[in-house]
Each structure stands twice: as structure tokens, then as C-alpha cells.
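Each of the next two complexes has chain A plus one other chain: chain B in the first, chain C in the second.
Right, the complex of A and B next:
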């Protein structure tokens, strides 16, 4: 697992956001497309790709993609 | 002598999924209304806890994994002729459509849909439903009128149960058997505890309920009692919403 792969999985969840604008430091909560479905999809993606189950409470602590990555990595 | 059209005195009632939540509350309430209750569940200790809370005598408990065909058949064979059954065992799911796995779909359909249908079939085939008996399915508002993000699998399984319920109501009417469902909104039970749902999400969701709270298991159990009792003798094929006004 590395941050680029994680970023790639994460950006794949979006339809209307230009993937090239997303970096590890992007605050995903500020994105226009961010929604409750994307939050649920992010948790499902992390479960499917990394077999890690993040809770909503844990996810709330993350604002940037890198923070999400670190959270996930810590639970592998 | 007190007037009580909702009495279950003298009735034998089978409750599946009785080790927790709505099933547990229903089993206990049925016993308090005078019924002899047969409870099933998968967990020995938790089923025993429910059993200990039943009032009166003549109750039975059966540990059974009903997704196992042999155990389901055996349950239908061992029970006496019934006045009522509450098909309550169920599981939840919180999955966006693009992450649905075939195995998850199969599992939820197995527990929420196929087991209640096959248990109904087996009980009928073995003539275990008396004339005048009442069959109740614990469904959900998501089976009839409510949709939500991530709730697809659960909703699909409950929609199928409500479809089955209505067809069974028509087909079994000539045997004098009534078939109905209860369709709760969110109830405070373990089935609704998802790690993917935060406390904040819950508070926000609760605000969507005109009565400003989720339901309690007993509040569903009381509706089930109505459908099991002779008070509802002219009610069949009904999906009874109990949702604090959510679907209005």
C-alpha cells in the first residue's frame, strides 16, 4: 500500500471532480462533490481494497486524503 | 374479568430471532399477553436470557440456525400446531450500490427473505398452522415506502418479504390463515448499529422523524400483538407502518 495507490482508489470514487486537482493534502470535505454517499463509498472502498473497516467516528478525524491514508495504514 | 380484545391466552406462538431486539421484546410481550411462546435464535446465552424473561409457563426454546435447511425443516417438524408465527430474524447492511458483493446479496436474501419464505412453506406443508392462525413478518418501511443511501440490500430483502406477505395473504385466506407485516422505521436495536454511521448522523436522521426519536422494540412488539390477536381477525395482507411519522 502506498499513498499514490490510495489516492488513485479514492479519486476513482468521484465522477465530477478533476482527478488531477486531488493531492494527498486536499481537504476532501471541501470538495463540491463530497456527500454522504461518497463518505459511505470511501469506507466501502477502504474495506474492499485494504480489508480495513473504518468507523464513521474514526473517519470524522480525517480531513485530508493523507490523513485518511494514515488512518487506514494504521489498521492494516 | 377485564375487557381485552388483544389477549393471546391459549395461543401457541413461534417467534424467530428472539434473542435480541424486536424478536426478544415480542416474545416477552406475547408471554405477558398469555401466549405459550416457542422462541428460536442462534445464540445459546442470549436466547436463554430472553427465555428467562418470559412470563407464565409452557414456553419452549430452540437453538437453530435457520439458514441451514436441515435445521429449518427440523424446527417445522418439532413445533406443535401454531396459532401464530412471528418471522423476525433478520440482518442489516450498509453498502453503496457500486460496492455490492454477490455474497453479501446472497447472505442478506438468505436470512431476511429465503428463511421466512421457506419456514412458511414448511409449516404449511406439515400442517402446523391452525385455521385462524396469524403469520406476521417483521419487515421495514424500506420494504414498502422508504429508500436511503446505502440501504439497498436491506430494502431489496424487505421488499421481497412484503411481496411474499401479500401473495401469501391471498393464497392462505381460504385456510383461514391471516398474513401481515409490520414495517418499522428506525428502532433502537443492534441491527441498526453500524460503525459507518456516526452519532451525528443518527441525531440528524432522528430529526427527520416527526415524533423526533427512533422507536423502541416494545413499540413494534405491541403492533405484532395486535396482528397475532383476534382483534385483527379481519386484517390480512396489510403492511403496518410504525415509523413515528417518518414516511409522511
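Right, the complex of A and C next:
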């Protein structure tokens, strides 16, 4: 697993956000399209792609894509 | 590990009753523009049933039970036990199963008890009723499983109201030394009690005037403290990590041949999460029936509702190997394997 692949999986969850504007340091909570549903989709993507289950608490505390990546990597 | 094998007990009949009145998701006032369509697409719930004032879960369960015992030809005097499984109880005291026994004119020799479980209720209920009948002293039991979420949730809470529906069901079980055993894996995590909870609803937090104030927590989320509230993300994380695992562990422990299973009956939480579970188990779509599009999440009643509305013919004609999984408030979750043989399944009763 690497950050670019992770970023790619993450950006695929969005419909209306320009993928080229997203970097590992993007605070996804600032994105217009971000919603509680996308939070669930993100947890689900991490589960499907990496077989890692983030807790709701971890999801709530994370703000950037890189933070999610590090959390996921730590559990693999 | 709460593994359980219960021999000598079989299901012989199932019925379900729902209100005639429909609740259309796209006409609800809790949604902002466009939200209803998104919710329908995600949850798979288009409509459900809504009990009118004065009608509660136990009424629908009783209707289902009366029709079922009539069809089975059961004399009321022959019913040894009645178990009511629901979080929608008639009163804090007395327990609802006893109230129903009286209303149905069942004999005073009848054992009655409530099991106040929500979405894991059908599976947990089978373990309770099965345990009672397995000894062979009691021969016949009625398991009434239902809920009227509309009585305990806020109509102005878009996180819960749209996807839930009202229903009551009855399952008839008998002692039978020839029956194939039922297998269970039953789990609990009370540390997550706040994941789904009605705060001011019992003796811990007696209802005060303030608890009745409707409070706006967010757009489309208005409720009071007697209403059920859910931590959606917490429940989602729990379901994804624990539910498929609990089914897998059941299969492994009892060496169940997955290829021979006819149906996977999942608690109808919502389509999005149920499909995640099914895909994780790599279980075929055609063996996983859903009834939530037209009845929504009916809490403990979802599994018998699926049996009545989706696989009635298959259950009536021939034998079936069935996996069930219920999960929800508690948190509480359970996986069950049963085999049925030509059981009586009544058409859906609408009142």
C-alpha cells in the first residue's frame, strides 16, 4: 500500500469534487461534498481495500487523508 | 463464547401483521430538498407501515398469533408458553407477554415472559424459546416478535424515522425429538449501550417535563430525550467489523456447509449495510432476500417479515437450510442456523 493508491481510492468516493485538487494534506472536512455518508463510505472503502476496520472514534478525529492513511497502515 | 446447540425444537409456523397505513419516504417532512431520494437510494427503503394511534406492537403480534394458531389448529389450552420480544412494551409493569396471554384467553398454566430486545431479538428469541421447549416438558410455544418504532422515534429525525416501520409477527414452535438442532452464536457489548438508546425511557432517567422538549440537534434532526437516538457511524463501524465475523464463526464452529445454505436472512437494517455484510461473506445475491424496500427496518420483526413476504412458498414447500443474523441495540448481535421442513407460513395480514 502507498499513499497515492490510498488517495486514489479516496477520491473515487466523490462525485462532484475535482480529484486533482486533493492531496494527502487536504482537510477533507472542508470539502463541500463531505458528509456523514462519505465518512461511512470511507470506512467501508478502507475495510474493502485493506481489510482494516477503523473505529468511529478514529474516523471522527481524523481530518486529513494522510491521517487516515497512517491509521490504516498501522492496522495492516 | 456463547455457542449454543438446541435440539428437539422446530418451527412449525410463521405469520406477520402490519398496519395498512403506509409511510412514503419521499413525502416526509424531515428532509430538505433532494435528501429523500438520496436516502431511498442508499437505504433501499421506499416505504414502510405506520401504526395509527392506539395500535401498538403487541396488537399486531396478537393478530398474527390468532391467525396462525387457527390455521395450525392449535387448541389454546395446548399452548405452554408465550414469549414477547420487543422494545415496544405496553407498560413498564406488568410485562406485555402476560397481558397478551390474558387478551388471547390462553390458559393460566401458560408460561409468559418478555425479552426486551430490538434488532437482535428474533435470533435471541429463538435461543430463549428453544431452551424452554428443548427439555420436552413444554410442547408448544408462541414467540411473538414485533416493534412499533413509530411510537419511540421522532418523526422529525431524518436519521431514524424514514427507514423504520411497524410490524408484529408470530412464530409457532414445537417440541420434536426428530428435529434438527438449531445452532447459535450470541454476543453482547454493553459498553456500547449509548450507540442506540432512548435516554429518558426507564427508571434510570425518569421522564421530566424538560425531557419532552423537542430539541434541534442539526438540520432535519429534531427529537426529545424520550426518543431513540443512534450514533450512526458507531453502529456502522460495529456492524462492519463484528456481524460478518459472528456469522463466519458460527459457520466454522458448527462446520456448516455454506454451499448447502438456501437462504441468508439478515436483519433488514438498511440495504447499504446489509449488502456490505453479504459481500463480505461472499454470499450469493439470489439467496439473500430483502423486504426493506416496502416495509423498512421493523427492528426485531425484520427476519420473520422477510420469511412471510419474500420466501413464503419455499418455506411452505420442502426443507430449507437457513442462516440468520440479527444485530442492533445493546449492542447485541447473534447468528443462527436452523433447518425448516414445510412450515406453515400465512400470507401477510394487513389491518
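Everything that follows uses one rule, which is that the second predicted complex is superposed on the first by the 76 of 76 C-alpha atoms of A that agree within 3 Å, B and C clash if a C-alpha of one lies under 4 Å from a C-alpha of the other, contacts with A are read in each partner's own complex, and residues count from 1 in each chain.
One rule holds for everything that comes next: a residue touches a chain if its C-beta (ideal position, glycine included) is under 8 Å from a C-beta of that chain, and two chains touch if they have at least 3 such contacts.
Being a predicted model, the structure only gives us computed values, none of them experimental.
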item	value
Fit or clash - chain C, chain B, common chain A	clash
Partner chain in contact with A:19 - chain B first, chain C second, else both or neither	neither
Touching partner for A:1 - first (chain B), second (chain C), both, neither	neither
Contacts of A:45 with chain B and chain C, given as first, second, both or neither	first
Overlapping contact positions on chain A, where the chain C interface meets the chain B interface	36-37, 40, 43-44, 47, 53-56, 59-60
Complex contact set, residues of chain C against chain A	38, 42, 231-234, 236-237, 240-241, 272, 276
Touching residues (chain side chain B, partner chain A) in the complex	94-96, 98-99, 149-150, 194-201
Complex contact set, residues of chain A against chain B	36-37, 40-41, 43-45, 47-48, 53-57, 59-60
In the complex with chain C, residue positions of chain A that touch it	36-37, 39-40, 43-44, 47, 53-56, 59-60
